[in-house]
Amino acid sequence: MAPRNRGATDPAEPRELLSAGDVARTVARMAHQIIEKTALGASDAPPIVLLGIPTRGAPLAHRLAGRVAEFSGVTVPAGVLDITLYRDDLRRRPNRPLEQTSLPDDGIDGRLVVLVDDVLYSGRTIRAALDALRDHGRPRAVQLAVLVDRGHRELPIRADYVGKNVPTSREEEVAVLLTETDERDAVLLRRKTEVVS
Amino acid sequence: MKPLVLKGIRPYGEGEPVDVLVRDGVIEAVGSEIGSTVEGDAEAVDVRGMIALPGFVDLHTHLREPGREDTETIETGSVAAALGGYTAVFAMANTDPVADNAVIVEHVWRRGQEVGLVDVHPVGAVTVGLEGKRLAELGTMARSAANVRVFSDDGHCVDDPLIMRRALEYSTALDVVIAQHAEEPRLTVGAQAHEGEQAARLGLAGWPAVAEESIVARDCLLAAAAGARLHVCHVSTSGTADILRWAKARGTDVSAEVCPHHLLLDDARLATFDPVNKVNPPLRESDDVAALRQALADGTVDCVATDHAPHAPQDKDCEWSAARPGMLGLQTALSIVVETMVRPGLLDWRGVARVMSERPAEIAGLPDQGRPIAVGEPANLVLVDPDTTWTVRGAELASLADNTPYEGMELPAVIDTVLLRGEITVREGKVNR
Amino acid sequence: MKHLLATEGLDVGTATTILDTAERLKATLLGREVKKLPTLRGRTVITMFYENSTRTRVSFEIAGKWMSADVVNVSSGGSSVGKGESLRDTALTLAAAGADCVIVRHPASGAAHRLAGWLAEAGTSVVNAGDGTHEHPTQALLDAATLRERLSTVDGRKVVIVGDVLHSRVARSNVHLLSALGAEVVLVAPPTLLPAGVRSWPATVSHDLDAELPTADAVMMLRVQAERMHGGFFPSAREYSIHYGLNEKRLGLLPEHAAVLHPGPMLRGMEIASRVADSPSSVITEQVRNGVHVRMAVLYHLLAGEEEAA
C-alpha cells in the first residue's frame, strides 16, 4: 500500500489559492484597473455604480468602492443587486430566500454599472443579473468585475476585471471567504462537496 | 333438515366447552360429548373454542331499499348483517318512498324473508313522509303482514311536541314503541359538527349537545305523562345519559341505544375534514365517549345499535358540508363493542349478549330473539372467535358502499358462525346461501 | 412548503420567511416602470372561486402575473362548476390540464384541505383563498405584513379583533398567525358571535371595546354580513354599531401610533365610521397593496423551488 500522499496534490485537502493578503492586494489592483479603464474623474467619463451580486459580491463591491475612493478621491456609489428572481435554475434547487436589493438613490439610468461577483463560472448568474438590471433601468454600459475566473463558461460572457484566473476542473469548487460573511479572507480550491445550499 | 351439533362452544364465554344439538330450529340438547350420541344422524360443526351468544338484534339500520339501491339493498344489507352476527335488524323508514304505509313495510319484510339471511323488520314512519305534521297509519302498519313493532322518523326529529305527544299516546293501544331521533331542529340549523373546541377551530357550524338533550328530556316527560314507551335513538352526549338515568329512576318507560362509533371515536377525528367521519348525531368529545361507555355498562343505555348508513362515494368523497352524514356499522359493531367495552373490563360476554341481543329484542318485542342458550329455545346463535383480530377494509365489506371510518384499523373478535332458526347463515366468516 | 391551507400549525419560521420575501419583493418593485419578474415563467396558476370576491381573486391574479406565471381564472359562473360538476372532478380536471397551483375559494370549511388530498398524486400545490368559516391564510399574512410595516414588529403588540368572530375565517387565521408571531390577540364581540370553543384559542375574549382600545397597537374590524343582522345574533344594526362599531370617538381612545385594519369590503357606518376608515390611522389601502406582495411571496415559495417529494 502506497503511503498516504499529504500536501497540495491530495484532492481531498482544500488548496489555498489566495491568502488574506493576496485578497487585499487583488482588490486594490482591480480598483486601480477600474479607475484607469473607466477614466474615472475625467470630465467626459460616465458616472459609475458598483453593484455587488449576493452573497459575496456585495461586500466585494463595497471594498472596491472604498479602494476606488481611496486611490482616486472620487466617491463611487455601491449597491446590491439580488438576482434570485431571475435565475434560470430555480426549479433545480431548493427554495431560496430573497436577498435585499439596494440600488443607489440616483438609480442606474445613464450610468456605467460595474457588476461585482466573487467567482465567474458558467456565466448564468451574470446573465440573470443583466436581466435584472434591465428591469431596474437603462445603464449606459455594463461591465463585470470578478475576484476569480475559473473558466467553464456556458454563455458568451467575459469579465472586464479579473482578480485571478484559475484553471479548474468541474469536480472542483472555488470558495471565496470574506470576513464580512465568513471568518477570514481567503480563496480556496477544493473537491466539490455534495449538493449544498 | 339435518340436525347440527355445534362442538366445543362456550356459551357466554363461561365454563367448560359444551356441545349444542340443534334440531328443527330449536336447541334440543346442551352438554358434553353430545356428538357421540347422535353420530351419523347429525352434521357435526367443529367450532371449538368459540364463544356462543344469542344472535344479535340491531334496532337501527338503513338498508336504502327502496330508493337508493346503488348504495345498499335489502339483500346486500342482509349479507352485511349476517356477517356481523345479526339474526334480526330493523330497517329505518327513511327510504324513498318513505315506509309510512303498509305497502312499503310489507315489501321490506317480504324481501328480507326472501333473502333469508336475517329477519328484516321494517320500522314504520311516525308521521307521513317523515314531515312531522300528521301521524302515519301506525295501526295499519302494526297489523300488516310486516307486524311493525317500532316506529321512528329517524333522520328527522318529531320536534312538534303535540305530534310527539299524540304519537306516544296512540302507541299505547298498539303495544309498539316510538323511537325518537332527538335533535331540536331550530338548534341545529346548518350544523356540521359537534359544537365545541374542534368545530370552533375548523369553522364548522356547531351541533350543540343541548339540541339532543332538550328533546330527550321533553320526550321522557311526555312519555311518562302518556304512560307510553319511548326509545331514544343514538344517544351521543353525557348529558343525555344523565337525563336517562333520572327518567329511569322515576319510573319512566324509556330505553336507549348507543352507536359503536360514539363508543370509539371522538371529534378529534375531524381535523382532516374527511367526511367519512361525518355522522348525525356527530362525533362528540372524549368525555362523552367515556360517559357513554359507562352508561352502557350500567344499563342506563340499554343496547348497541349500528345506525348503519351506507352512502355512495360521491356523497362522501367531497367537501365536508356537501357530504351526507352516516357510516357503515353492521360488520364492525361487535368488534368495536369488544374493543371499547370488553377489553377495558366494562362488560363481560354475558353483558355483550345483553346489549347486542337480549335488550334490543325486548325493546322491539321480538319473542324469538335474544333468548337464552338453553334447551327448547330458538337456535338464533352467533359464534365468535374472541382471540383473532382483523383489519377493516371498506372495499371488502359486504355493503355496496364502503364508507367506514375504521378503514385500516385492527379490531378484535371475528364472527365465525351464525345460525338463524337453526340454519347456518354464516360459516367461517363467509355467508352460507 | 407544498400547500398553504391554514395559518394554524404554520411554523413561525415559514411565516417569517414569507413575510420577509414579501417585504423584499415590495422593495424590489418599488418605483419600477415594469412590474414584471420572470421568476414563475412557464408555471400555470389557476384560481377557482366558488364565492364572489373581486379583491382576493384580482390580488392573486396580479401576484401571479407580476411573477410571469400563466394565470387562469375559473369562476363557478362560467364553467362546468355551474353544471353541477363536483369540486373533486373540477380539481382533477384542472390538474390534468397542467395546473402547477390551484388557488381556491369555497363556501365549505375544509374545501382546500380536501383539494390538497385529491391533488396529492398530481403534485399540484393548493392555496386556500378562504374556505367557509375556517381560514383565509393569505389575508392573515398580509395583515401581519401591514402590522410589521406600521408597528415595526408584531411581537409583543396588542391586536384587538372586533366583530363576527364566529363566522370569520379572517379572525381564525389572524388569531393563529399573530399569536404565533408573538402578538397579544384580544377578541371583542357579542357572545352570540363567538364560537363555543373560543376559550381554547390563543387569544383573550372581551365584550368591552372601550376598555381594550387605550392599550391597543392595532384594531382589526371584521365585516358584519347582512344575513347575520337578520339571524338574531344581535338585536339591531344600531345596537351593534353602538357597542362594537369603530366610530370617531373610539378612534380617539386609541394610542397615536395604533393602526386600524379592515379586511374589506367595508360596511361604512356599520362596523366602521367613514371618517375612521379614511383617517391617518387606517392602513386599509396598505393592506390591499401588501396583499399582492404577500401573495407573490406565497407563490414564490410554493412554486419557484425544486419539486418537493409528495
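Letters A, B and C mark the chains in the order given here, with residues in each chain numbered from 1 onward.
By our rule, a contact is a pair of C-beta atoms (placed from the backbone, for glycine too) under 8 Å apart; a residue touches a chain by one contact, two chains touch by 3 or more.
For reference, the UniProt names are A = Bifunctional protein PyrR; B = Dihydroorotase; C = Aspartate carbamoyltransferase.
Please read these numbers as outputs of a predicted model, since none were measured by experiment.
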Furthest chain, CA centroid comparison against subunit A: B
Chain with minimal offset from the mean of all protein Cα atoms: C
Interchain centroid distance [CA atoms averaged], subunit A/subunit B, Å: 77
Separation of subunit B from subunit C, taking each centre as the mean of its C-alpha atoms, in whole Å: 46
Distance between chain centroids, defined by C-alpha means - subunit A, subunit C (Å): 41
Sites on subunit B at which at least two other chains make contact: none
Subunit B-touching residues of subunit C, taken from the complex the two chains share: 8, 86-88, 106-111, 113-114, 117, 131-135, 169, 172, 195-201
Contact footprint of subunit A on subunit C as seen in their complex: 1, 17, 20-21, 24-25, 27-28, 32, 34, 36-39, 67, 300-301, 304-307
In the complex with subunit C, residue positions of subunit A that touch it: 82, 85-86, 90-101, 131, 135-136
Complex interface listing, subunit B residues touching subunit C: 192, 195-206, 208, 272-274, 314, 317-322
